[in-house]
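You will see subunit A twice below: alongside subunit B first, and alongside subunit C after that.
On to the complex of A and B.
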């Protein structure tokens, strides 16, 4: 093998292509650009300004950050609910003035003064809230008006009291601590911000009120139609905003102890800039506390830095304006193109070298017409019966894509009824010892239909989260087929953790080991992932001796054996490979062998493409999804093999007359029943020379099989 | 709250117009000299600048946008013009350069909004900051206020001259109002602005060149800002760039919205702006005669704006089902 081939193998084996796409699909990636901008701004000004990282400078910055951060949080709260609050600047000035007034002229204690200030600023917020929330005025104009009015009020008050205030000077330990001190090196205002930010984060991301707030911002109309108290929530957002601004005003008063007519001038612009720079979207619904804090830091460092660089008077605004435009431009583009980018890079094909398939021209796999006389059941009355199963009373069950499990009555299966409605598409099915039907449901997980009352119960829909997986692999996305071991543990396959059920062809294109075998233990009710990185694990079947589990890896065209007990316990081995098609469900046969459905045949073109991952990646990026190479799922067959991995026979429908597409088959009392996921029918065919009394359930739980001898069939 | 049916059929424009007439009558009866020709002319003259800025804003707002950079654009482009004349550039060239600068800046704003798809509020806010900063740092250095030199010649008549006894600013404002009216009412481009403001996606699908028209919108508002700036500067013999930090841009929005132009675009006309401008003119003039403090004037103006939009929302309540998402 040449060096280049080896390198290619190593590259696809070790380089995690798929991680990029998975990261792009996460919500937290929205923070990447604001974060990068913040880092760049800090680094640039850290390099330009002397002593930027000194303790004293950081202390000053931290103190200002506490104030600005609170105001930005206030603005963010309102932006999230789909509004805007331009009155923060003058409300801030009002809070600052009022605090100083209460302390210096009214001689109130700090605590009482602070409460008054928060209440009054909250009151200004309430006015905004009533106007915007209840009267449905436009937020921009309304808060613009309150901005002007509150500013004018502050100016009038200043005119009246500024002189008196400058004469007296309030001092107390608490007040000095607020203005000058803190916890060790950490300034007081920074601590306040930290506490509020933690609370705000929890409320926004983990609580009902926060979710309702975001829902209204996301779509006010839908929230209204859902019955959320839209007006009240919008109003309270403005109240919260006002109170936060009041708090910031108090901290500012503590720091500077002065009130001037330019206090908080233009603060609304800085806060708005910070909120948007951080990545909160103007118009609502998308944003977080972390984004607000990042934006606040960027703006603070930028404005302070430009000021300290001592450029001539216009440079500050110029740099600020430019930085702002650039950042918002990037953010807008990012938002718009993120999903396009995600679509392009999410599919990350890997190298898959398929061995030469076994021949179908001769030997046990020779194409024949044994399925051409299949008896057809429920033609046109069922859609996509992925799996079929029979109980001891010969009733036939199948899934349908409408989310039902349908039961057909023996002996001729001409009548049927909805046995249970599940909601998701039922895939693999299995009866447990008590006759309850266990079903893997695509997109939902593992469900059980009780025998007594046909009630549907969730068995499990999550497993343990693996440590380094970027996508959340604790949820079950595509539980596919299951089987039950003699000890009652349920082994089931999840075909892929990266795609939804109907995107299975894309998983085939990727041919990456995205699937896994999971075990649910009914005794402990715990679900654990047993084997990871399987290439579309599909059919699962416990061996006749109950000591191992067989499962198919569809795109790998092989069948594996996983040992549950015995000397090889915990080991995985390939039982049967080089299949000519994609194996699906595996089920027991009456003579101690196994049936496997081949859902589609391999084609040389796709096999070749699997050896060329770069080609497949180009295809995924440059052509429309309906033009990609997909596995063929039109013609398949049923194959019987034994415990040694020896293929014994195969059944085909060469002319594609009655039942060419097969995803599952069950042997039952001398008949073989066939299901296919793209079919509108179920097939059955008489088998020659098989045990006429053998049934699947008795093979697992009947008196003559398995460890539960003598218990007999469950009561009907 | 239910209003009688006849009142319910009043539009915000009509309400504001009624308020204006009422105030006009009250002031005429109670204030001396209010009705004097000189006072009426000075009233009109004082709002001419605001009116011209309002026309520019109207065009932008009709196409569902907003231009917060108008005042900065006006201050810096005119201040630079004056500065150029001071350092010896011929008047014609200086005026052209200033206008060019103003149009260029607003074209950049337009491109940022139309092509880079930055929200208008934000793009114009940032451009306003940038224009002011750039102007102060590189075009007019060292001073806030640029004084009009004697070489300004005939152009000083823009703010100070009179034609047939009527001050030129009023005539200019009227001329621009007529042009804006004809443009919006009878030209295809004007219609396209309405269509874009009404429904941008529909406009795009029906083949209107949405992006170029948006750029044009901002260029027109830049032009209006330059004219308004020239009037301001020549009237008081100087251009104070600190005007950028004042509430002026809010006043411009005020007169546009007051008259009943919808900030979500597609609804409004020149008449609305005239009504809004007149209300502010009457109000400010009356209050000035009554010698009311500037800050209190601000409060009163704001309260009236609030009253107008509250009345609008009570008479034409906004429905939760039809409210536009992201409309702030």
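On to the complex of A and C.
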């Protein structure tokens, strides 16, 4: 084995390609670029400026951050609802002036003054809100007008009162605390921002009003059509914005205690830049408080840094403008391309070296036509019967892709009825001791249909989440097949945690260990994952002696044994490998051996591709899904093997005309019943020389259960 | 420089020239089921090249020539191309190279000035000259799939003088030329299979010109119709997966080395015989049915081209059908004779009643 091959193996073993796609599918990935920009800006200015990380500088920055952060939050609230608020700057100046007026000239207490300021600034927001929300004026123009008018009002007021205000000086403990103090090292304004941010985050991400706000921003028309009070919510977003700006103005007044004509000048540009740079979509509907805070920090460090570097006076706005342009560019490109990127990178194949398959030219696997005379049941009347099962009264059950459990009446199975409706895609089935039907339902979990009243009950639909998984893998996505141990514990397989029911064969293209074996204990009602990282674990069957569980790893073309008791308890071993096809459901045979369905056959071209993950990755990206190299699931066979992993016989249908595909089979009283997930029929065939009284249920729960009861030799 | 850079980034990203695209079967090539619905033809083992000789069909099959009445000559080595002109027949076969046969199929060849190998198609010019295509310098016509997967462009077109025995090579480094016809102006039109186009080579010399591009399959033999126009046999379909594999040297070479030819990801005359053949996602049977538009490695398609080489109508056998691998066509008295290598059948279409232009 050459070094290059070994390196390639290491790379695919240790580098988790699939995580890239999983991260892209998470919502928090929207924060990745803003976060990176923030970190870079902080690091760059931290290196350029002396004493950047000193306590005093951080204190000053923190105090300014509290004010800017509130204004950015105000801007974000409006952007999220699909609007824009340009009046934040002059509203901020108004808030600042009013606060100083109330304290210095009207001699009101701080608390009352603050309430008045918040109310007045909220009133400005209300004017915006009424114009934009109710009268449906353009947000941009309306708030531009408010910006000018409020600025003019502030200028007029300043002309009138500036002199008086500069003469008097208000002082109180609370006011000094607001302007200069804080909690230990943390400035007061920063604390205010933190509290508001936490509330804002909870409102936006966890509350009805927040969701409605985002819904309107995402699609105003849809929100209107579904009955949301669009106008009221838009209006209130502007009111909230005005109030937050007023709060920021108060903090500014406390810090500087001065009102000038340049207060809040250009603040709207800073706030807008910060909101967009943080990753809030300018179009509305996408964004968060965290994004606003990230953007605010970036902009604050940027503008402060440029100022402190002592560059020309025009450079500050220039940097801000460029940052805004960049942010808008990223916003547009990211929104447009994120899903494209996700589509391209989600399928992430890994290296899989397939062992040479056993021959089908001679020996027990020789291709034959023993299944060509299959009797067909319910042709065209059932779709996707992945598994079939029979009860003690010879009734036949199958699932269907419509989510039904269908029951066929003996002896000829010409009539059928919907036994129960579960939903999802019913896959593997098993009867418990009391005759209740347990079903693995793709997309839903493990369900039970009670015998007495046919009522459907959820058994389990989640397991423990694994520690380092990016996506939440606690939900069961594709529960596949189950079996019940003598102690009542249910062992079932989840074929893959990365694909949904409708594109399960794509998992073969990855051939990563995406599946797991899970155990549900009815006594404790707990579900826990037993074995992870299995390559499409599929059929599950408890051995005849009840001491171990056999399960198939489809894309691995092998059957494993997991010991439940005895000296090897808890160990996993390969029982049968190098199969020429992909094993599916495993079930007991009447003579102490096992049947396994081979749902599809391997092809040398695909086996070769499995060794070349980069080839498969490019194939997935560059060709349509219909064109991908797939496992050949159009033909299969049934194989019988024993507890020693020896193959005894195989049943084939070379043309696969009568019963095209096989995913399951059950032996029942001398017959073998066949199911196939892409079929529109069920098949059955008479077996020669088998025990005519043997049934699956009695083998598990009947008086003669256990080993040594069949004709075969005892389990090893 | 910019060009090389663009090509490199294209390859990296799978864009532009490196994008894996295949032209659609559309317009005059819109799929139908005409070939599949034909009555059973004359069964045979891989009939290959059919021509009209003295008013009746004559075709090659292995080492023999056949008429509808049965075998009429054994040529000693596998016949790879035949053509008839009046009473004369020209034949190319394995080791024997080019041969001219008379009315009784006796050898009347002159002494050729050089030997010609791997001949895939023949045509007589009005001046009596015999034009030929040699598909590849390294692979015999039966090994055409290997030639494609090796991405060879070693075919040539030449002219043989039946009187003097002079052989002149007219064009070289072609991507598997395997059909040619002389147009009314005397120019030679060659189907270059691996480029999926028809190339016109002026008789008087000069650069070639593409007359039909972006054929959705691999074009093969081409014959002229009496009333103008041509029949073009398209012996295998192009597919996105195959095009992709052709752009993947690592996989392609490993496949040539390790996988048996019948299981290659490569076009074929017939497919679906073994479960070890590659299968594509769209070809999974659902409810027991294979969609006729499923991706397939073999297909049956013969197209009628107008005098300007633009397709006019076509006859198809689609995915899951049997009459695949149409390697040649010949028309006589309102009947179109076809050889289907995939089905091993010589088929006839009654042109009087069938397949009006799409």
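Keep this in mind: the second predicted complex is superposed on the first by the 694 of 716 C-alpha atoms of A that agree within 3 Å, B and C clash if a C-alpha of one lies under 4 Å from a C-alpha of the other, contacts with A are read in each partner's own complex, and residues count from 1 in each chain.
The working rule: contacts are C-beta pairs under 8 Å (C-beta built on N, C-alpha and C of every residue); 3 or more make two chains touch, one makes a residue touch a chain.
Worth saying up front: this structure is predicted, and the values here are computed from it rather than measured.
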Quick one: on subunit A, after the overlay, do subunit B and subunit C clash, or do they fit? Just give me the call. fit
Answer with first, second, both or neither: which of subunit B and subunit C does A:53 touch in the superposed model? neither
Is A:660 contacted by the first partner subunit B, the second partner subunit C, both or neither? second
A:622 in the overlay: touching subunit B, subunit C, both, or neither? Say first, second, both or neither. second
Have a look at where A:272 lands relative to subunit B and subunit C in the superposition and call it first, second, both or neither. first
Touch count on subunit A, higher of subunit B and subunit C: B
Quick check on the superposed pair: does A:221 touch subunit B, subunit C, both, or neither? Answer first, second, both or neither. first
Is A:136 touching the first partner subunit B, the second partner subunit C, both, or neither of them? first
Kindly classify A:169 by the partners it touches after superposition: subunit B alone (first), subunit C alone (second), both, or neither? neither
State the minimum pairwise Cα distance, in Å, between subunit B and subunit C in the overlaid complexes. 19
Going by the contact rule set out above, which residues of subunit A touch subunit C in the complex? 383, 505, 601-606, 608-609, 611-612, 615, 618-619, 621-635, 660-661, 678-681
Enumerate the contact residues on subunit A facing subunit B in the complex. 82-84, 131, 135-142, 144-145, 147-149, 151-153, 155-156, 219-221, 224-225, 230, 265-266, 269, 272-273, 276, 282-284, 311-322, 324-325, 328-329, 332-333, 336
Would you mind writing out the residues of subunit C in touch with subunit A in their complex? 14, 19-20, 239-241, 244, 248, 250-251, 254-255, 258-260, 263-265, 275-288, 290, 294-295
Counting only contacts in the complex, subunit B reaches subunit A at residues 112, 116-119, 121-123, 125-138, 141, 245, 247, 250, 253, 257, 263, 295-296, 298-299, 301-303, 305-306, 309-310, 313-314, 317-318, 320-321, 323, 325-328
